[in-house]
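The same chain A turns up in both complexes below, where it pairs with chain B and then with chain C.
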Partner chain A sequence: MLASLHSHAVQGMEACPVQVETDLGWGLPAFSIVGLPDAAVRESKERVRAGMANSGFEFPLRRITVNLAPADVRKEGPSFDLPIALSLLAASGQLKTGRLQLYSAAGELSLDGAVRRIDGALSIAEGARRAGHTGVLLPADNAGEAALVEGIEVIAVETLKQAVDFLEDELTLSPTRVDTAAMLAGSDEVGLDLADVKGQQHARRALEVCAAGGHNLLMIGPPGSGKTMLARRLPSILPPLDIREAVEITRIYSVAGLLRSERSLISRRPFRAPHHTISHVGLAGGGGKPRPGEVSLSHLGVLFLDELPEFSRLALETLRQPMEDGSVAISRALARVTYPASFMLVASMNPCPCGHLGDSRRECICLPHKVASYRGRVSGPLMDRIDVAVEVPGLDRDEMLKAGPREASHQVAARVAGARVRQTARFGERGVYCNARMDSGEAERHCRLQPAALKLLEGAIDRLGLSARAHHRILKVALTIADLDDADSIEPAHLAEAISYRSIDRKGWDGN
Partner chain B sequence: MSRRLEIGRAGEALACRYLQDRAYEILATNYRSRYGEIDVIARRDGIVAFIEVKARASRRYGEPFEAVDARKQNQIRRMAQMWLAENAGDPELRQCDFRFDVVSLRLDGGIESIEHLEDAFR
Partner chain C sequence: METEARNAVNRIAALSLAFFLAQYNWPLRVPTGEMTPSRIWSHSNRELAQLLKMPSQAFSQLVEFRRQFSPSAALRNLEQKGVLLIALGDPDYPDSLAQIHDPPPALFLRANQPARLNLCMQRPRVAVVGSRAATKYGLDATREIARGLARQGVCVVSGMALGIDAAAHRAAITEPGGSIAVLGCGPDIIYPRGNRRLYRDLCEHGLVISEYPPGTSPMPWRFPARNRIMSGLSQAVIVIEAGHKSGALITADFCLEEGREVMAVPGSIFSELSAGPHQLIRNGAGIAASAGEVLEILGIDNDAQLELEMNPTAAPSNLTGDEKKLYMALDARPCHQDVLASKAGVDGARAATALVALEILGLARLEPSRGYCR
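== the complex of A and B ==
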């Protein structure tokens, strides 16, 4: 007796189709699973056996072989429990097979026959749609995220018995529907506000420019000057997500196993702030069983690295590729996996180990070579990819104690939104979300410089010895500044401001 | 004959009678080789059961069915494979499913209890 059922294996971000075949052969009772199963899949046997028995089904007294085809793709995780059980039931005549081929199934089984949540359900629903199935049976806890996929019925099942009854047409289960507009709308929270930050006009302006164009930001200043406070308020001025972006982020969190059933849609831009002891694998992704790293968990959001020089050299170097490409490619023996990683980098650091170099109110006590080696921990190539670097000086006494009016986040957010509107009109449907994401060709095409501005740029390239990459990044920042100014082309003032944000190139990164 | 062997033989005979009373056909008893033995092979309703009979005089050494440990199970499985290989030509056998059972007896003068554990291990 032979039966077969559709399922999917999640590889990286995508789900690839897996055929779950069961053969009940003649011979001594046995149960083997083949098709490169990992430990969790091998343990399926115990869960399937108990789940079936406790759901009132008979466990066949045959030589059972389950094949998860194709045989050369690694099968990982407990999501094959449900399809294995269903195909066993079909092969042993306990499940009528009429509707079996219309659906795909995935889910973990509890010993009592309940269906438990799995990772990557959204990708699985997309895979099922690509394969042309009528619907996909998924754990009820995953149904919300899977229902974000249009064009396929998502059938939420709570128990194995329910799945069987549904497939035999003895039970009607309506496809799960979600109201994406409502999920997106209910995301405004009253939290951190820029009005909490005193002074720091220059840094606030830099924050606004970066938010408007999606540029990378480095804040340098003494301890306690407000760098971390400013960084944490960045999400409050970033534009809200549209549904396409929200689904992209949700897909990553689904694969990483970070979605909770109460929250099937990530509706706010991620803000990730890993501790500086994080490994390069934790930051960029990978590991024996590849998982998305912090750069992917902050996709379309903010990755905040506080105390940048404290991060390991290797961790910082692994940032370079995603900062350029907007994605991370991880190679393994049997597969190559790509995770999206289009994030805004915000970093903070002190100017020197003691923190007070350049501070008007306190003396720096560091030896010069210590300053140089401290700064050297952030390599030249990494600095080259920072679009905007600002100094965040310590507050003087009056600024600290003054209780004057300060701009609130919503005011800044309005300007940022205006600049983003211009960018959406500029890029249309091409999937480029903001100025920072332009490649060098697009940068040259869109960044029209007035003649005076061009002269200014030529001078800057000579004086600062800018690389080609630096030159393109300055153009993009200048375009953002022009967008904020509602101007149709880049004026000298816009360019001058953009150049000023690369003053680090002038001072020299070795501390001179 | 030692007391242990006596109890064992008695147990197997009692088990056979118990099974026959329940419409099982006894196909073999004491099927053995140097690698092990199967106490009883019996068939009913298209299922052939390889049965290990455990007889005990007292409870002191645990319930009888607890004596079928992993090593014993492997032995029985190997013997079952051998028996299958020997009988593979039998067309009726090709229609059968197979099962490993334990029949557990507690004897104390007479029969204290008999338990037939179907599908005791796989």
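== the complex of A and C ==
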């Protein structure tokens, strides 16, 4: 007696179709699962046996063979519990097979027969839609995220019994629906506001420019000058997510198992601030069973690295490829997966090991070569990928008290959104989100300089000794500043401001 | 004709002597006194060894050197490397250096622009020296004084070390007075490595001097010896921040021995680096609180210029409104641009724009991590 059922295995971001076949043969009672199962899948025997018994079904005392086809794809995690149980019931005649082929199923079973949440439900729903199924049976906890996929019925089941009754058409479960627009709109949580930051005109403006163009930002300043405070307020001025972006981010969080059932859509841009002791695997993703790292979890959002030189060299170097490609490819002996990783890097560092170089409040006690070696810890290639570098001075008490009225986040956010509208019009459907992601060809095409600006640029290259790669970065940032100004071409003032964000290219930065 | 021939012989003798001294692994004092290098080199091996107070076991080294050294090959090599030679006794040899107790027999120079070379050699010179681990205050003071001196046409001499030395060179190098770096290694060797950009700029706009021929590596005993050249070249030495055992104090000692002016910049009583300058002041050194004061003590006339310095220069007329305001807000002390912006009453983004424009015009300079200054 044979039965089979559709399910999916999550590999990286994608769900690949898996057929769960069950055969009940004659012989001594046995239960074996074949088809490259990992430990969690093998253990599902026990959960399925108990779950079935406790739901009022009979566990067949036959020689049971479950095959997860194709047999060469690794199957991981407990999401096969539900399909194995269902196919077992079908094979033993306890479930009529009529509607079985129209649906696919995934879910973990508990010993009492309840269906528990799994990782990657959003990817599974998408896989089911691609495979042309009518619907997909998923744990009720995962139904919200899976319902973000349109064109497929997401049936939320709470117990094994419910799933069986639904498939036998004895119970009507209407497909889960979510109102994505409402979920997006309902995300206006009152967060941290830029109005809390005193002084720091230059850094605030740099933050605005970076938010508008998606540029990578480095803040350099003594401890307590407000670098972290500024960075944490960046999400409050970033442009709101559209639904496509929100689903993209939610998919990553779903795969990483970081979604909570009460918030099934990630409706705000992620802000990730890993500690500097993070390993390169934690940052880029990977592990025996590959999982998204911090670079992917900050996809379409902000990756904040506080105390940049304290991160391990290896960890920092792994950032280079995702920063260039917008995705990270992880190759391991057992799997090769690609996760999206199009993030905005915001980093902060002290100007020197003691932190007080250039601080008006305290003397720096570092030897010059120590300063140079501290700065050298952040490699040139990584520095090359930073568009905007800004010095954040420590404020003394007087300056703090003197600081005038400060703009609130929503005012800045409005300008940022305006600049993004111009960028969307510029790049259209080609999938480039913002100015920072332009390649050199696009940069040349779009960065139109007024004659006076061109002259200024030539002067800057001669006088300030700017390199070719710095020149490239300056043009992109200048374009963003022009966008903020609603200007069609780059004026000298835009260019000059962009140059002011390149203090790391000047003489003396590397202690020279 | 005869003088020319004598000069040529003298140059070769000076060259040979310098090469031998550099090769010999210990500082030897050359009792030049009244003797020219040709006179010294014309001694027999034994006499010369005695003159140099060489230990007897090193005698064979001298014999061997004299046997195989080829001055013409060495000269060719100098030319190839773009290194100039000035011998003691040449008309170009700085008088003030010739007057010290043991002037180096030869100077090896590197300067890409002959005009700047002549300028550095003819101007009055002042040495500005101090600690490698300088504080912000020390660096600010160095910049203020070195730039002030160089603006009045005084050439700033220093040792191209990190900290105060490097700041002094940087501040003076593009000003009218120019800057001379005296090295404790061959003039083609960049030490410390971190100063390679400064070295390049010094070769381009100023002058790099050493008593050691090209290829001589830096050794601990070569730096105190180099200090005597720094003080020898200068009318005065200004010490800014020096610990108890700093090399800057050695330079000051040489200066006192030769009867030149020693001045010190007073420092904070809480800083260890003030120990050196305060000790000097206690012993009677002059206080250098501004470039004007130094010039006055040296008797360099700068009344008209001083006037100018007291009233910050009127901004050049071709500047825009913002640029003018920010230019007036700038001074020799680097300042973060937010501070300058509020001082000038210009908002953030516009201030950034104006400062970069000023920088490109050469009217402002950005010191990374410190800010903009003039």
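Keep in mind that, in the parts below, the second predicted complex is superposed on the first by the 487 of 512 C-alpha atoms of A that agree within 3 Å, B and C clash if a C-alpha of one lies under 4 Å from a C-alpha of the other, contacts with A are read in each partner's own complex, and residues count from 1 in each chain.
The rule is short, and it goes like this: a residue touches a chain if its C-beta (ideal position, glycine included) is under 8 Å from a C-beta of that chain, and two chains touch if they have at least 3 such contacts.
None of the values given here were measured: they were computed from a predicted structure.
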item: Which superposed partner A:29 touches (first chain B, second chain C, both, neither); value: first
item: Which partner reaches more residues of chain A (counting touched residues only), chain B or chain C; value: C
item: Which superposed partner A:177 touches (first chain B, second chain C, both, neither); value: neither
item: Partner chain in contact with A:289 - chain B first, chain C second, else both or neither; value: neither
item: Which superposed partner A:244 touches (first chain B, second chain C, both, neither); value: neither
item: Touched partner set for A:367, first chain B, second chain C, both or neither; value: second
item: Partner chain(s) touched by A:445 [first = chain B, second = chain C, both, neither]; value: neither
item: Chain B versus chain C as contact partner of A:61, first or second or both or neither; value: first
item: Partner chain in contact with A:410 - chain B first, chain C second, else both or neither; value: neither
item: Chain B residues touching chain A - in the complex, by the definition given at the top; value: 47, 77, 80-81, 84, 94, 97-100, 119, 122
item: Footprint of chain C on chain A - complex, ascending; value: 199-202, 204-205, 220, 351-352, 357-359, 363-369, 372, 391, 393, 399, 402, 456, 459-460, 463-464, 481, 492-493, 496-497, 499-501, 503-504, 506-512
item: Chain C - residues contacting chain A, complex; value: 132-133, 135-137, 162-163, 166, 170, 192, 194-198, 271, 334, 336-339, 341-342, 347-357, 359-360, 362, 366-371
item: For the chain A and chain B complex, residues of the former touching the latter; value: 26-31, 61-62
